[in-house]
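To keep things clear, I will list the structure first and then write my remarks on it.
When the chains are written out, they are named A, B, C and D in that same order, and each has its own residue count from 1.
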Amino acid sequence: MNEVSTHPVAHQHTAPTGFIRKYVFSLDHKVIGKQYFGLALVSVFIGMVLSWLLRIHLAYPDYHIPLLSKLSATGAPGGVMTPEYYLSLLTMHGTLMVFFVLTNAPFAAFGNYFLPIQIGAEDMAFPRFNMMSFWTTFAAFVVMMASFFVADGPPISGWTAYAPLSAVGGDAGPGLALGQDLWAISIAIFCIASLLGALNFIATTLDLRARGMSLMRMPYSTWAWFVTSVIALLAFAVLLPACVLLILDRVAGTSFFIPAGLVLSDKLQAHSGGSPLLWQHLFWFFGHPEVYIAILPSIGIIATILPVFTRRPFLGPKALIGSMVAIGFLSYMVWGHHMFVSGMNPFSATIFSIPTLIITIPATIMTLLLTGSLYGARMRFDTPALFCLGFISVFISGGISGFYLAQPSLDTYLHATYFVVAHFHFVMAVASLFGVFAGTYFWFPKMFGRMMNETLGRWHFWLTFLGVYCVFMPMHYLGLVGNVRRYSAFVDDYLAPLIPVHRFITIAALLTGAAQLIFLWNLIWSRFRGPVASENPWEATSLEWSTTSPPPFDNFGGKHPVVNHGPNELGMDGPDGTDFLMQTAPPKNS
Amino acid sequence: MGKAFAVLVTLITLVSIAFFFLHTWWLPPNISTTGRAVDHQLEETLIGTGVLFLAGQLMLGWFAWMASGKSKDAPAKRFPGGAASLVVTAILVVGIEILTLTFVGSKAWGAIYLTPAEPGALRVDVQAEQFAFYFRYAGPDGQFGGIHPEKIDDGSGNYFGLDPANDVAARDDIVVGSLVVPVNRPISLTLHSKDVGHSFYVRELRMQQDFVPGLDIPLHFTATQVGKYEIVCTQLCGLGHYNMKAYLEVMSEPDYEQWLKTQAGQ
Amino acid sequence: MNRKLLCLLPAAAVIFYSVTAGAETPTPPGGATISGKVTYTGTPPKMKPIDMAKEPTCAKQHATPVMTENVTTGPDSSLQYVVVYISEGDQGSAPPSETVRYDQRGCQYLPHVLPMQAGQVLQIFNDDQTSHNIHPLAKVNPEWNKSQPAGSLPIDTKYDKPEFIPVKCNIHPWMHGYFVVLKTSHYAVTGQDGSFSLKGLPAGKYTVSAWQEQYGTQTQEVTVGGSETKTVNFTFKALPY
Amino acid sequence: MGVDVQDAIHVGQKLGGSGLPPVIKSPRVHNVALNDRPERSETGVWIGIFAIVMTFAALTSAMIVREGVALDWRHFQLPKILYLDTLILLASSWTLETALAKIKESESQFSAGMAWLDVTLALGGIFVVGQVLAWRVLAGQGLYLATNPSSSFFYVFTAAHALHLIGGILGLGYLIYKLSRIKSAANTTGIRATCLYWHFMDGLWLYLFVLLLARM
C-alpha cells in the first residue's frame, strides 16, 4: 500500500519486440538517449570536417581540394572555395556544433539515458513526447542538411543569422534565398523538439524520483540536467517565436526586422520600419542561456565523475548546486553583453556588464570546488578522470578571457575578433566536449556493457588536451592584434603578417581533429571487442551502477530502488572492505 | 599520470602567459585621445586575470601531482577549511576584481560613448554598403544634402542617394572612399547603412561601432597621430565581408585644407 | 610609369576588340549598310572620378583616376557606349559560334557595355589580383551572383531571352556595366566619336533602335535597297543631374 | 531516513506528485485507478504553461519594441466579432466546470456531464471559427499579414493562440473519447490536466484581447 502510494511507476509491461518499436520509434529513454548520442556524433564529425576545410582555406588560400569541387561545383570551382562558400560552411559549422552537438550531446543524449536511472525511475514522464522530441530533432537535422544541396548552398549569415542580412532574401547574396529559409525552418523545428525534451526532463525529475531520492540526494549530473532543462524551456520558448517572425519577414513580406529604405542589388526593398536590433535582442535572450545549456550539463557530469576517481565526497555539494541555480538565473540578465557595440543605448552596456561580471563568481566557485576536491586525494587516473582534469583546465582558460569581453571598454577593441572565437570555443565548445568525453568513457560500460580501451583513451586525451591549447590559445594573440573573425581571407595590410600564426593553428586543428578518430575507433572497437563490463566497474555510488550493464528494459528489473544515501558516500569504510556506499545500500544506523 | 598532467598543464600555462607579457603579438600604438584609457584598462585586466589564470592552473597541476602515486594507506587529507573557504575566496577575489574593473572601465567606456562630440567637431557622414565605406563632407556651403534611398545609384557614383537636381545643398557634397581627417581636431561621424549590418573598426582608435540599417549612429574621436590606418568591417555582411575596408588618413591641418580644396574642385 | 602603360595596353586592346566586335556581322559582305553618329544636346552630368583607394592592387593600375561611365561623351558632343541595333525587320539568325569575352581588369568592366546575341556563349574573366563578384541583375533571364576569386577559371554562361541587364560587383561597388542581349545579329556600340555602322543588311525596311543606359531608347524607320549605305543619326537630350 | 521518505513524498505531492501518464501512456504501465493522487500530466501542463507564457511574453515585448522604433504603426478597429468570441470562450470554461461537476457527482449525472463536455468542445470549435471570421473581416478592410506591423502582430498573436487552443480541443476530444469508453471519472486520467490547459487558454486569450484592444 505504502509502496504503491510512494512509488511513481506501477506494474511492468514487457519490452517491445520487433526492430521498429525497439530501435527506431522506441519509447525507451535509453534507446532515445543513444539515438541522440548517435545524432550528435554524426553532427560533430561533420562540423569538425567543416572546420578543417575552413582552417585549410584560411591558412592555404590557394590549396586545391578536388573533393570539395565534387561537393559543390559552384561553391568551390576547381576545389578552392569562394568567399560565399566559406561563409556557408562557417554558418553550418556553427549551427551544427551549437545546436546539434553542444545542446544534444551533454544534455539530450546523456540526460535522456541517465536522468531517469539516476533518480530510480523506469522511464521519462512522457515517453511518447520523448520519442517525438528526438524524431523532431532529427527532422530539424535533415532540413538543415538539405541546405547543402540547394542551388546557392547553405546561408552565409552565420549561426546568429543577424537581420536584415538573414531577412531580406536572395538580394543580399548567395545562400540567403532557399538556404536561409531552410535554416530558419530547421531551427524553429529544433526549438519545438527542445521544448518537448525540456518539459519531459522537468516533469520526470519532479514526479518520478524513487523512494528516498530527495532533491539533495540527486547526483549533480541530474541537478545539472534539471537546471538546464528549466533554462532550455524558457530560452527556446523565445527563439521559436523569433524564428517564426524571421520566416514571416522572409516569405510573407512583413517588416519585423527589416527597416525602410534598404537598397540591395540596386533594388529598393519594399519593407518599412522594422528593427534589426529586435532580432539581436530576441536571439541573444536565447543565445546567452544557450551557452549555459551547453556547459552546465558538462559541469554536472564532471562533478559526478570526479569524486568517483578522487574516492571522496564532492567538496561542498550545496555550494555547487547553488552556483548552478545562480548561473541559470543570471543567464537571463546578461544577453546584452553580446551587443555592446551593436548600436543599442550605450548606457545599457554598462548595465549589462555588471551581471555579466557577477556571473563569473558562481563559475569561479564551481571551478575552485572541482579543483579543491583533488587536494590530497588518492586519485585513480583512468581516462574519465583525465578528462575531468582537462575540463577544469580549459574551463579556467575560457573563463578568464570572459573578464575581458565582459567589459564594454575592452569589447570595443576585442569584439568580433579571434579573441572572442578563442573565448567561446574554450569555455563553451571544448569544455562542454571534455564533459561529453569524460561522460562517454565513464558511462560507455553502462550503456553498452563493455569497457572502452584505456590505452586509446589516454592517447585521445593527451593529444586532444595539448591540441586544443595549440589551436585556441594563439587565437587570443590574433585577437589582440585585431584579427577580425568571419573573414574568408586576410587581405588587410595588417592581417597578412598573421598568416603564419593561422598556419600553425590550422596544422594543430588537423592533428587535434585526427586525434578524434582515435576516439571514434575506440567507440566502434570497444562496442564489439571491449572487455565485458561488470555492474559497477568504477565503484561508483549513484543508482545507474546498482543495475546491470546495460540496464534491463525497465532499468531495475522490476525492483523499485529505495535510496538511503547521498550521491557520493566515498572514501569511507563501506560494506565488505570497499571504500564506498551505494545510494541504495541499507541505512548505516540499521 | 597525475604528475605528467601537472607538468603539461604548467608548461602550457607558462608558455601562454609568456606570449602575453612578451607582447609578441600586440595592439598597434593608440592614436586617439580616448584610446589611452582603454589600453590602461587592458593592462589592469591583463595583470588581474593573469594572476587568476596562473594561480588556477598551477593549483590544478599541483593538486593533480599530489593526488598521484599515493600508497593505499596514505591518509586522504581534506581541503583545509573545506568548501566554505573556497567559496569565500572566490567571492572576495573575483568580487574585488570586478569592482575595480567596472569602476575603471566605465570611465573608459564613458569617454567614447557616453559623452557627446564637441560642438566644433568636424562632421563626416559615413555610408556603409556591401562591401565598401563611403565618406561625405558637407563641401563649401557647410550643408549636407538630404538622403533619398531611392536615388542611390552606384553606377553614377551616387552612393548616398543625393538629389542634386532638386536639392542645392547636395550639389557640392564631397563623397570619397577614404576617411581623411585633420590631426588633433575632434571628428564626429554619423553612421548610416544602405543595406545590411556593418561595423566601423579602427584598431588604432580603439574603436568599434556597428552600422544598423534604419538608424543614424553617432561616433566621435580625435586622432593625435598623422598617418594612414585601416578601417575594416567587423559585422558579417555577406560574401565580400573580408574585403570591406577603407583607409583613415590623418593629415596635418594644412594638408587637409589642401586636400579639401582639390576635392571640392572636382 | 612604364609598368602603368603596360597595364593599360591590354586594356585598350580589349576595348578596341569588344567595341568593333559588335560591328562585324555574320552575313556575307555586300548588302546594305546603316551608319551614323549618336550625339546629345544640353549639358550632360559631370562624370565623377572613381575612388579605388579601397583596392590598392587596382588603384595602382590607373595613372589617372577612372571616371564613371553612365554618360560618356566624346568630341563635338558625341555619346559613347550607345547600343544601336535592328529592333524590327530582321528575321534573326542562329547565335554565332564564337564566344563573347567580358573582362574584369583594374576593377573595371571591359567593355562597359557588352552587346551579344541571345544564346551566344559569354565568357567572364577575372584578370585582377583580387576577387570579384559578378552580379547581373537580370529580370527576364535568371539572376545569379557569383564570386570569382583571383586566378580562378573563367565563368561560362549565356542568356536566352533579349534583355538589357545591369551588371555589378558588390565588392567594388563602382564596377557597373551592362549585358545587352539582342535577338538580332546586327548591332554596334558607339565608339569615342559616337559613330556606328550596321553592315551587310539584306534589302528591306528596318526599325533601328539606339539605347543609352541613362536616356533610354530611340527608334527610327529606315528602308535600304541592294547595297546602298544610309546614314541615321540619333540625338539624346542630356540633363546636368 | 524516514525523514527523507517523507520529504520525497512531500516534494512529490507538492509539485504535482507522481502518478500514471494519462494522455500519454507509458507502454509498461497499466491504466489503473489512482484518482486520489495528483497526476503527472498536470505537472506537464504546468510546465507547458510556463513555456507558453514565455513565448507570448517574448511576442509582447517584440510588439512594444516594434511599435516604438518606427512611425509606421497604424491603429485599426478590432473586428466586433472578437467580443462575441471572448464571451464564447469564457462560456466554454464555465460549461467545462459544470460538466466535470456532474461527471464526478454521480452515475446518473454522467451522461449529462458528457453532454456538457460536448458543448465545451463545440464552443472551442466555434471560437476558432470566429477567429477565422475575424481575419476575413480584416482582409475585407484590406488589412493583411504584411499590410502594417499592427496587422502583422494581430495575425501572429491570434494565430499562435488559435494553434494552442486547437491543441486543447484535441486533448479535450481525446478525454471525451476516453470517458465515453471508461464511463467513470474516477478511472479516467488527464481530466485535471485538460481543464487546467483549457482555462489557461481562456486566460491567455483575455490577456491577448486586452493587449490587442490597447495596441491596435
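In this text, a residue touches a chain if its C-beta (ideal position, glycine included) is under 8 Å from a C-beta of that chain, and two chains touch if they have at least 3 such contacts.
Predicted model, so just to flag it, every value in this text is computed and none were measured.
The chain pair sharing the most C-beta contacts is A-B. The chain with its Cα centroid farthest from the Cα centroid of chain B is D. The most central chain, judged by the distance from its Cα centroid to the centroid of all protein Cα atoms shown, is A. Here the spacing of chain B and chain D, counted between their Cα centres, is 49 Å.
The distance from the centre of chain A to the centre of chain B, with each centre set as the mean of the Cα atoms, comes to 30 Å.
Annotation: 33 Å between the Cα-based centres of chain A and chain D. Look at where the CA atoms of chain B average out and do the same for chain C: the two points lie 44 Å apart.
Multi-chain contact residues, meaning those touching two or more other chains, occur in chain B at positions 129-130, 153-154, 214, 238-240, 243, 245. Multi-chain contact residues, meaning those touching two or more other chains, occur in chain C at positions 130-131, 133, 147, 166, 168, 170.
Touching of two or more other chains is recorded for residues 82-84, 173-174, 259-260, 266, 273-275, 277, 489, 491 of chain A.
With chains as nodes and touching pairs as edges, the resulting graph is of another kind, matching none of line, ring, star or complete. You'll find the chains touch as A-B, A-C, A-D, B-C. Listing the residues of chain A that touch chain B in their complex gives 82-84, 87, 156-158, 162-165, 168, 172-174, 176, 259-264, 266, 268, 273-277, 310-312, 315-316, 318-319, 341-343, 346-347, 349-350, 353-354, 357-358, 360-361, 364-365, 367-369, 371-379, 381, 386, 389, 392-393, 396-397, 400-401, 403-404, 407-413, 415-417, 458, 462, 465-466, 469, 473, 476-478, 480-482, 484-494, 498, 501, 571.
Residue ranges on chain A touching chain D, taken from their complex, read 5-16, 27, 122-123, 125-129, 195, 198-199, 202-203, 206-209, 211-215, 217, 233-234, 236-238, 240-242, 244-245, 248, 252-256, 259-260, 272-275, 277-278, 281-282, 285, 553-554, 563-564, 587, 589-590.
Of all residues in chain A, those touching chain C in their complex are 62, 74, 77-78, 80, 82-84, 170, 173-174, 265-267, 489, 491. Of all the residues in chain C, the ones that touch chain A in their complex are 130-131, 133, 135, 137, 143, 145-149, 151-153, 166, 168, 170.
Those residues of chain B that touch chain A in the shared complex are 1-2, 5, 8-9, 12, 16, 19-20, 24-28, 37-38, 41-42, 45, 48-49, 52-53, 56-57, 59-60, 63-64, 66-68, 70, 72, 74, 76-79, 82-84, 86-87, 89-91, 93-95, 97-98, 101-102, 105-106, 108-109, 112-114, 129-130, 149-150, 152-154, 161, 194-197, 199, 201, 203, 206-215, 217, 230, 232-243, 245.
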